[in-house]
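The following block contains the structure, expressed as structure tokens.
Chain naming follows the written order as A, B and C, and within any one chain the residues start at number 1.
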Amino acid sequence: MRGMVKSVMVCSVCLLMSGLLVLGVSPVQAKDKTLKVGMIMPLSGPISIVGVGLTRAVELYFDKVNEEGGLQLGGDTYKLELISEDSKLDPTAGATAAKKLVYKDGCRFVFGAISPPVAASIYQVCAKAKALHLITWIDAPGLPGDVSPDKPYAVRLCISSDSGWELDYALLRKKYPDAKRLFISAPNVGLSLERAEKVANENGLEVVGHEIWDLGTQDFLPYYTKALAAKPDIIQAMCSAQAGYQLRTARQLGYEGIFVSDAPTAPALILSIVGEEGSHDVVSNGMDMNHPTPSMTECVERWEKKFNEPFFSDAIITWSEAEIFVQALKKAQSVDPEKVVAAFDEMTAPGSFETAFGPGHMGGGKRFGVNRVIVRPMPISLLTDGKIEFVGFEMPVVDQ
Amino acid sequence: MHGVVMDLSAQMIWQGVVNGLALGWIYVLMALGLTLIFGIMHIMQFAHGEIYMIGAYVVYYLCSGLGLLLVPAAVLAMLCLAGFGLFLERFLFRRLKEDWLAAVVAALGLTLILQSGAVVVFGLYERSIPVLAQGPLNILGTVVPKDRVVAVAVAVGLSSALYIFLKTTKYGQAMVASAQNPEGAMLQGIGPDRMAALCMAIGFALAAAGGTLAGALFTISPYMGLSPLIKGCTIIVLGGMGSLPGAFIAGMTLGLIDGLVPILFGHAWAAIGPLLVVILILVIKPQGLLGHE
Amino acid sequence: MSDKMGKGAFFRAAVFLAAIAAPLVIGNIYWTSALTLILINVLLAVSLRLIVLIGEFSLGHVGFMCLGAYTSALLTMKAGVPFGVGVVAGGVMASLVALALGYPFMRVKGIYFVILTVMASESFRNLALNWEAFTGGFNGLVGIPAPGTLKFPWIGDVDFGGFIEYYYLTLAVVAVSLFLMSTLEKSRLGFTWRAIRETDVQAGAVGINVLRYKVINFAVACFFAGIGGALLAHSEQTISPQAGSAFGVMTTMYLLIYMVVGGKSRFSGPIYGAVVLSLVMEFTRPLQQVQPMIIGFIAVAVVLFFPDGMVSMPGILRKRLSKTQKPFEVKAADGARKG
């Protein structure tokens, strides 16, 4: 009996191997004029929900373009195909994924990633292959994965959450004129706390302390214990998708003051984690999905139709990145990466792009030396007495 | 980058201690299961972290899907995972009794299966289960979140129950004897396979409880099991393999370190501090604090 | 015996030739770089097995990879050291640390040792993560230089930074390393190691300083882990100490699985395991989320049904097909089982 089991095992393993071989080496079906775009996101691991969500949004936008007949570029019609790979939050895996996309699948445009080191390693591969790297997210500007004059193949299509600081501090000044003491809780990703302090001071706020925590932290109690010891009026959770958990911890320790979250994490998510009682005096740069723009509405509708899961609101960021990308392609009237970069370089006038957040343009020239960063409106929402209040959109200052 | 130096008041340190002890109890639940399983079956159950995670998810589904309250859901989850433990012991680990490297690899394979299975079945969204309690509590002048206190109470309760079981019942005493000396159990008339099944069931139930508590305090995700597993392994090595009081002391020690180091020394040392302490202790006393050869 | 060795040598030569021809035949840059990574996996898996020879195993191999990678990367980036020196320095650094840690670690047995190795490797990774000034901290190192150009007598200039060239470079390094390890295993040193595994106490009674040999074994295995790490660093030209990275606990789990699935009793076992499972991982890329599950199932299945790994499969198949039962197993003269 045991021997038979063994034979079955051997046979199934062999079948599995042959099946995999067939799957792996089957040639890609050549369609007429497909533009292959790669995307590298953490599809597994602790922030896979973000990675998957962001990937889906681009996929949905490409679906929309294809349904409307594809892209007319330079006399040819292109269908857009998104090939997604897993970065596993590891630059080494990211580099391998980039090599596959660029050399095996023949992508000349690659979106990615969430973690700056992964973005940097993707760029190395793209530059060598003369493919355009569309930086999808950056925790803080100027990090290795970001744009720079000596990177001809990198364009950033997202706003970093630190661009919200001017907006948030100014709002605090107006709404809470007596609140002066600011405490900052930031992840260990290289954010410029000096810049934060400068902007805070300009708005009459005093930074009374900061705590740095490592990515993967689930228990914020020690950090907030120290935070509360400094008796702040305002606590800012920088660049954190776990702003909700941070606020919950603060409230559990008895903190009743103001809370700021500059990440795109939706206020609705914060509300669901903290509960109505604790959701007061919160400023968030996330989108209030009760006031979506028409483009956002379309994104949500498509998501709900295609995927059987609730909408993950961070996804509108990459939906708008896809919008920007397609508009640049149209302007360039070409699928040659160098021509597309040239098109980006030209679109610096306000209103050059129509994004889900409002009109945008390429900027950042003063800060980075090249205008390769998108400047488009950021949402500001409030949580007041357990309810979400949408303040509106404001243009951030990307060139500081 | 170092946090701005503040008055490290006694209050803050006390708060760190309280928080550390609360964390320590959850680790202890993991460690007790691991040390039982190791002490009696002599295998390292590396998939324990995933059991912890699945326990939390089972509670989530029972609460949100069937509308059960937290406590009955948790009890059901513990029974469920205990049953799973019996199943695994019978069909997987019993076959690998001889070869402990094979058992380790099987456990690792199990980890991969359970973890990716969880992603496929449960999805990637972080879930929440009903909180244990809301709001702060004032203990001797220190503010402590109420839910941590409840978590400690539950963990203490479970550990005490285990203690009573081991001290007073026939099976329990046999298990203790078996951990010291495998033949001892047989003299009591209980076969090693029965013993193995029982300790797996208990260990899994404890892990499920730990996962439920952690899920209620923090959040549930398919990847939540890896870190507690490493903490659990660290604890049983520190406390001495197979020693239950050792697991307890080491668990509290590690919890205290985790609670105090971030406050005193910042995040950089928070990760590396416990590792260095443990390595140091083991170098001095290789069998662990209360272990035996 | 000699006939079997003859067949074995022929087989090995054939494999080696296939390895040389592979990138040229497949002709795709991506596959060349994938094969490079597979070669590195082979090196890591085989060096992991070295530790099994003394009856222990390590779950901390990635920590030493990390040491080797960072050493080589920092030397070549900051001090302008040439590639070859950097890689060897990486291996040396890893083995020195292994020597230092080996003495206290090897005093403990079995599972204690395993957990100590895990903790050590996590410590190294956290050190790299937090020692920002030196290692670039969280962001890791980007732009690690590729090996430079070498002048060859009649081929001319060869730029080893190119994909195919780097593959051959890696192949050469791995082949030499495998040869070294295989020689060591068959030597007197290897014999002593195996004696220690079979019976720790008795080896000590015969006057062998058991601890010293165990530590040497550990240092040698970690030397090759360091080399593997350095090769990886220069191949992808970027390394990072984050938890999910190549230097995290998951990689070490996979390495152990490669080794055991391949077969720990034979030198060629981990080679098969690493190659086959790496290929499986590569081909299952489209099934991203289920990928770990597939490896997990293979691991559990192999451990249950083919405890000696893939290398034992042909033997078992042959026995099944021939249907003759040997009355009892013949053991070799020295009492140890062959393999």
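Going forward, contacts are C-beta pairs under 8 Å (C-beta built on N, C-alpha and C of every residue); 3 or more make two chains touch, one makes a residue touch a chain.
As the structure is a computational prediction, the values presented were derived from the model and not from experiment.
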Inset, instruction - Could you draw the chains as nodes, link the ones that touch, and say if you get a line, ring, star, complete or other? - result: complete
Inset, instruction - Name the chain pair with more contacting C-beta pairs, choosing from B-C and A-B. - result: B-C
Legend entry - Chain located farthest away, centre of chain C as origin (C-alpha): A
Inset, instruction - Round to the nearest whole Å and give the separation of the Cα centres of chain A and chain B. - result: 35
Inset, instruction - For chain B and chain C, let me know how many angstrom lie between their CA-based centres, rounded off. - result: 32
Inset, instruction - Among the residues of chain B, pick out those that touch two or more other chains and give their numbers. - result: 116, 119, 271
Inset, instruction - Provide the list of chain C residues touching at least two other chains, using ranges where the numbers run on. - result: 129, 289, 291-292, 298
Inset, instruction - Identify all positions of chain A at which a residue touches two or more other chains, and write them in rising order. - result: 44-46, 188, 214, 216
Inset, instruction - Give every residue of chain C touching chain B within the complex, in rising order. - result: 52, 57, 104, 107-108, 110-112, 114-116, 118-120, 122-123, 126-127, 129-130, 249, 253, 256-257, 260-261, 264, 289-293, 295-300, 303-304, 307
Inset, instruction - Report the residues of chain A in contact with chain B in the complex, numbered from low to high. - result: 44-46, 48-49, 52, 188, 193, 208-214, 216-219, 221-223, 225-226, 229-230, 245, 249, 252-254, 272-273, 275, 277, 309-310, 312
Legend entry - Contacting residues of chain B [partner chain A, same complex]: 1, 3-4, 6-7, 9, 11-12, 15-16, 19, 23, 116, 119, 123-126, 128, 134-136, 143, 145-148, 217-219, 221, 223-224, 227, 258-260, 262-263, 266-267, 270-271
Inset, instruction - Spell out the part of chain C that touches chain A in their complex, as residue ranges. - result: 28-31, 33-34, 37, 129, 137-140, 142-143, 232, 236-240, 242-246, 248, 276, 279-280, 282-286, 288-289, 291-292, 298, 301, 305-306, 313, 316-317, 320
Legend entry - Interface residues, chain A side, partner chain C - complex: 3, 5-7, 9-10, 13, 17, 20-21, 23-24, 42-46, 85-86, 88-93, 95-96, 99-100, 102-104, 115-118, 120-121, 124, 143-144, 188-190, 214-216
